[in-house]
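Below, chain A partners chain B and then partners chain C, in two separate complexes.
Presenting the complex of A and B:
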C-alpha cells in the first residue's frame, strides 16, 4: 500500500509546492516554517497616540521613520573618543543608550531599518486590538503592581534614594529584586515571550519544525521553546519560565497555546495567570505573519492582540552567553552598597 | 516465522550486513534521532577509569584522603561513585604541565568547576551530564536542546569555515557518513571542563563526534578529542546514550542561574544571610 501511495503523495506535494506563495512544505504537507528569522522592526508595540486609529503608515511616513533611525544610528555609532575624560556622574546626557551612564557607542543596537509590512501596508503598531493601538486599562491589582515595579525601574542618579525615602525593601536590596534581564534569566523586553516581540537588539529566532515538535530558539539569553504538537498541557503544578506551550494546525496556520507561567515572566507586568495564543501563517515565501492574543484578567481589564512580520534572514546566529560574563551584576549590587554607605555617612550615622 | 514476517526479517538481516542501522527513519531516509536522550553512568564525575572516592573534593587525612571541608557535610551524597571510564584506554594523554593543572583543579574543585556556577557546559560534557537532552531533527536541521543551563547546539550542515569567535558550546559542523552523523566541533573557549574531576582543555580543543543509532532506543556516541596545547595525542571517548522511555519524557526547566545567585552574589545583599 505504502509503495502505491507515495508517488501520488510526491506528485501532490510537487503540485502544492509549485503554487505561488505556497512556500516549502513538510512531508506531511504542512507549511514548513523551519529557518532563521530576524524580527527587528521600528514598528513599536504601542502606537504613537497622534496616529489614533490608523493601522497603517503611508510610504512617505514609513520612509521618514526609516530615515530618522538611520540618522540616529549614524550619530550614536560614531567611534568613541579614546582620549575622552571620564563622564560626569549620572552620564553626559548624550543621545543613545550610552547617554545616562557615559558608556561606549551604540554599534550593538539593531532595532531594524524600518517598520514592517503586512499585506503590503506598513504598520503603525504591533497592537491591533484595542483598535487605537494602546494597551488596555490595568485592573486595580495591575495598577498596584505597576507602581511597585516603577520604583525598581527608577534611574540610579548616584544617591541611595531608597535610604533617604525610607523604601523597604529598596530596589537593590537583593538579587531577586532585580529585573530578569539584569540577572541573565530571560531576555529584556518580551523577546523570548510568549508573545515574542522585537526588542532593541539580538532579534533572531530559529525555528526547527518536526511533526511532533516546533522548537523556537530565541537568540537573546539562548532560550529554547519546545512546543509539543497535538499534546495536552502539563499539570498546572509545573510552572515554566516560558510557560507550557502546545500546538496544533488549523489548516495552514500553526496555533500555539501557552499557560502555566511562573511568578516571574518575560512579559512585563503579566501574572502567572497569563494565557497566550500565537498564530503563525505564511505571508509569502520569505515572511511569516506572527499573530498573538494575550489574556491575563488578573492584570488587564481585557485581552489584547497584535501582529508582527517575521522575515527570513541568511545571517548567522552566534552564541549568546549572558550569565557567564555577568560581571556587571556584582557591580550593580556592590555599587548600591557603596551608595548606602555614603548616604549613612552623610546622615551622620 | 509467518509468510508475512519472513521477508521483513530477511530485509533487516540484509540491512545489518550492509552496516545500516536498524531504527526509526525520517521520510527522506536519514536515521531519526528525534527524542529525549540521556547518558547513564558516572562519566559526569570523572571520565577516566577510577575507583569510588571519599568526596568530590579531598584533603589529606591521618590515614589517607578525606572529604574537603567544603564538601564534608554532603556525606555519602558528596562521594564519587567508581566507573570504568569512557576514555579509551582509561587515561587522558595529558602533557606534564596540563596534568599538573588537572591536579590543581581537583584540589580546588568547588571554586573552579564551571558546573558549580551554572556556566554553559561545552562539548562533550553536555552529552553525559546527569540531565536529559532533546534532539529535534528534520531533513535539514539537527538541534540539541540540553536541560542543564538551557544550553543548546545547532548543527550546521554548510561549513562556514573556521569559527569566527570562541564560545562555550563551540561551532558544530555536521555531515552524514552513511547512517552516522559526524559533528566536527571547534571554536571553544578554554573555560569548560570535561567532568567534575578537573579534566580541562585549551581553546585549541576540537571534538569530532560520531552518533549512530544502535536501535530505536540507543545511540552509540563516540568522540575524538584533539588539543595539542593540552594533550600529547588525540584520544577517544565512547558511551551509549539511552532514550528516556517514560511517557511524556521531556526536558524540564533547569536554567540554574537563579540557583547560584546566593553563591555568586549573596555577599552583596543589603542584609547578607549568615554563612
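Presenting the complex of A and C:
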C-alpha cells in the first residue's frame, strides 16, 4: 500500500477506486489488471457470412447459441453403444484437426459456453474492422504463402501423397516444416499472440503488473510476454518469437506496441514485418476489453482489428510442459517415413 | 416461428464457424493417425500418463488370436483433467475400458481415443458432475454466460 501524502489524496483514491467499473488500482493510480483471465469464447474470429455486417447478436440469438452448444456437449457426452465396432476403414469423414480419424471425447475441449459480451451486447465476431467481420484480402505474396502452407491441410488418406505427386518439399520432410504447435513452440497459434485470441482449450492468462513491467503468462506453452513500460523498442536486428513489446498508458487504457518478430510467429500467416497494437481497458470489475490492430503489409492488403472480452476467472492456471511427453511428434515423422516406404514399394522403386 | 428459425440458423452458422475457426490445438490428429487402420480395443487400464501436451491411457488388449498386447490411447491436455476435477487416483488401474479409434501411422500400438467408454458404454471421461470442479459450481465461474 502506498504512503498517502494527505488525507485528501487518500480520500480521492478511495473515491476513484469505488467508481463503478473502476476496479483496483496500483499505488501509482493506474488500473491494476493483475489476475487470472479465461478468454474461452464461442465468438469466432471471423463472422459467419450469414450474419453480414451485424456486429452483435440479440439476446435470443445468443441464448440459442449457448443452448445449441450445451445440447451438442450433452449429445457427445451420451453413452455409446458398448457393442460398437471399430470406426470405418478409410476414415470417419471428420474435418479440420480431427483429420478423418475423429478427435477425442468432448471432455477435453474447453472453447467456452457462449459468445462474449462487450458493452452489454453479444458479439458475432472478434473482427470489428473490416466491418463485414471477414479477413481483408491477402497480398499476392500472402496468397502465394497461403497456398504453400495449404499442403499441410490436405485430407488425410493415410498415404504419402507428396511422393506420388512429387511435391518438394513434402510436408513431413523436415521437423522444422511442421507447425510450431506440434513442435511445442509458442502457444498453439494465436493463444500466445500477439494478438492473443481464444483457442480450443487452456485459454487462461495471468497478468502480473508492476510499474515498469507488465507480464502476461499464457498457460500454453507457458510463454510469458514481458511488456516494458515507457521504454523504447530494441534495435530491429534483435528479433523475438513473441516480438518486442513496449507499453504506455493512455488514461486508463494500457497500450502495447509490438514489433521485431522473427520468421516464426504465433499469428497464422503473418510475416516478420508484423506490427500489433493492443489496448487493454477495464469494462467492469470482472472483465477487460482486449482490442488489437494487426498490420502486416507483406501479407494483408490493409490492417485489421478486433476486440475480445477477457473475463476474470477463479480457475487455476496449470503448468503446461509441452516437451514433457510430445510422443505425437516423433510418431508423426516416423509415420510419414513408413507411408513413404509404402508409396515407393508400390511404385516398384 | 420464422423468427425462431432464424435464431436457430444463426446459432448453427455461428457454431459451424467456431468449429472451423478453432483449429488451433497441439497437433492435427490427421497427421498422426491412419484412417486405413481402424481399431477397437478393450481391456483393463494398466497405466495413465498425465503428461503434456496430451494424456496417454495404456490398456491391455487381447487380439483376435488371443495374444495380449499393451496399447496407448491419446487423450487431451491433462490440464483439462485437473480443471474438471479429476485427480490422479480418479482413474483406476484395472478399470476395463473400450476404445475406438485409429492406429498411428508409425504402426506402433498407439491409437487416438476417438471414443473411450466404460464397458456399459458410459463415457470414461465425463464432464465433472458432482466432483466439485469449477464447472459444477454455479456462481463460482465468473463468466456471465
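Criterion: the second predicted complex is superposed on the first by the 314 of 349 C-alpha atoms of A that agree within 3 Å, B and C clash if a C-alpha of one lies under 4 Å from a C-alpha of the other, contacts with A are read in each partner's own complex, and residues count from 1 in each chain.
The rule is simple: a residue touches a chain if its C-beta (ideal position, glycine included) is under 8 Å from a C-beta of that chain, and two chains touch if they have at least 3 such contacts.
Just so it is clear, the model here is predicted, and its values are computed rather than measured.
When the two complexes are overlaid on their common chain A, residue A:340 makes contact with chain B while staying clear of chain C. Taking chain A as the reference, the larger set of touched residues comes from C, when chain B and chain C are compared. Using the contact criterion defined above for the overlaid structures, shared-chain residue A:173 touches chain B, although it does not reach chain C. Touch criterion met: A:184 reaches chain B and chain C at once. When the two structures are aligned on the shared chain, A:240 is found in touch with chain B, with no touch to chain C.
Of the two partner chains, chain C is the only one that A:156 touches; chain B does not reach it.
With both structures placed on the common chain, the touch criterion links A:136 to neither chain B nor chain C.
When the shared chain is aligned, chain B and chain C each come close enough to touch A:324. Of the two partner chains placed around the shared chain by superposition, neither chain B nor chain C is touched by A:29.
Of the two partner chains placed by the overlay, only chain C lies in contact with A:105; chain B stays clear of it.
Across the superposed pair, chain B and chain C both touch chain A at residues 172, 184, 316, 318-319, 321, 324, 329-330, 334, 336.
Those residues of chain C that touch chain A in the shared complex are 3, 7-40, 49, 51-54, 56, 72, 74-80, 82-84, 98, 100-102, 104-108, 110, 112-117, 119-127, 134, 140-145.
Contact residues on chain A toward chain C in their complex (touch as defined above): 38, 42-51, 57-58, 60-62, 64-69, 72-73, 77-82, 84-92, 95-105, 107-117, 122, 124, 152, 155-158, 172, 179, 181-182, 184, 188-191, 198-202, 219, 286, 311-316, 318-322, 324-332, 334-336, 338-339. Only residues 27-28, 34, 118-120, 134, 136-141, 143, 145, 149-152, 154, 160, 164-165, 167-169, 191, 250-253, 255, 257-258, 261-262, 264-266, 268-271 of chain B touch chain A when the two sit together in their complex.
Chain A makes touch with chain B in their complex at residues 26-27, 34, 169-170, 172-176, 183-185, 206, 208-210, 212-213, 215, 217, 222-224, 226, 228, 238, 240-241, 316-319, 321, 323-324, 329-330, 333-334, 336-337, 340.
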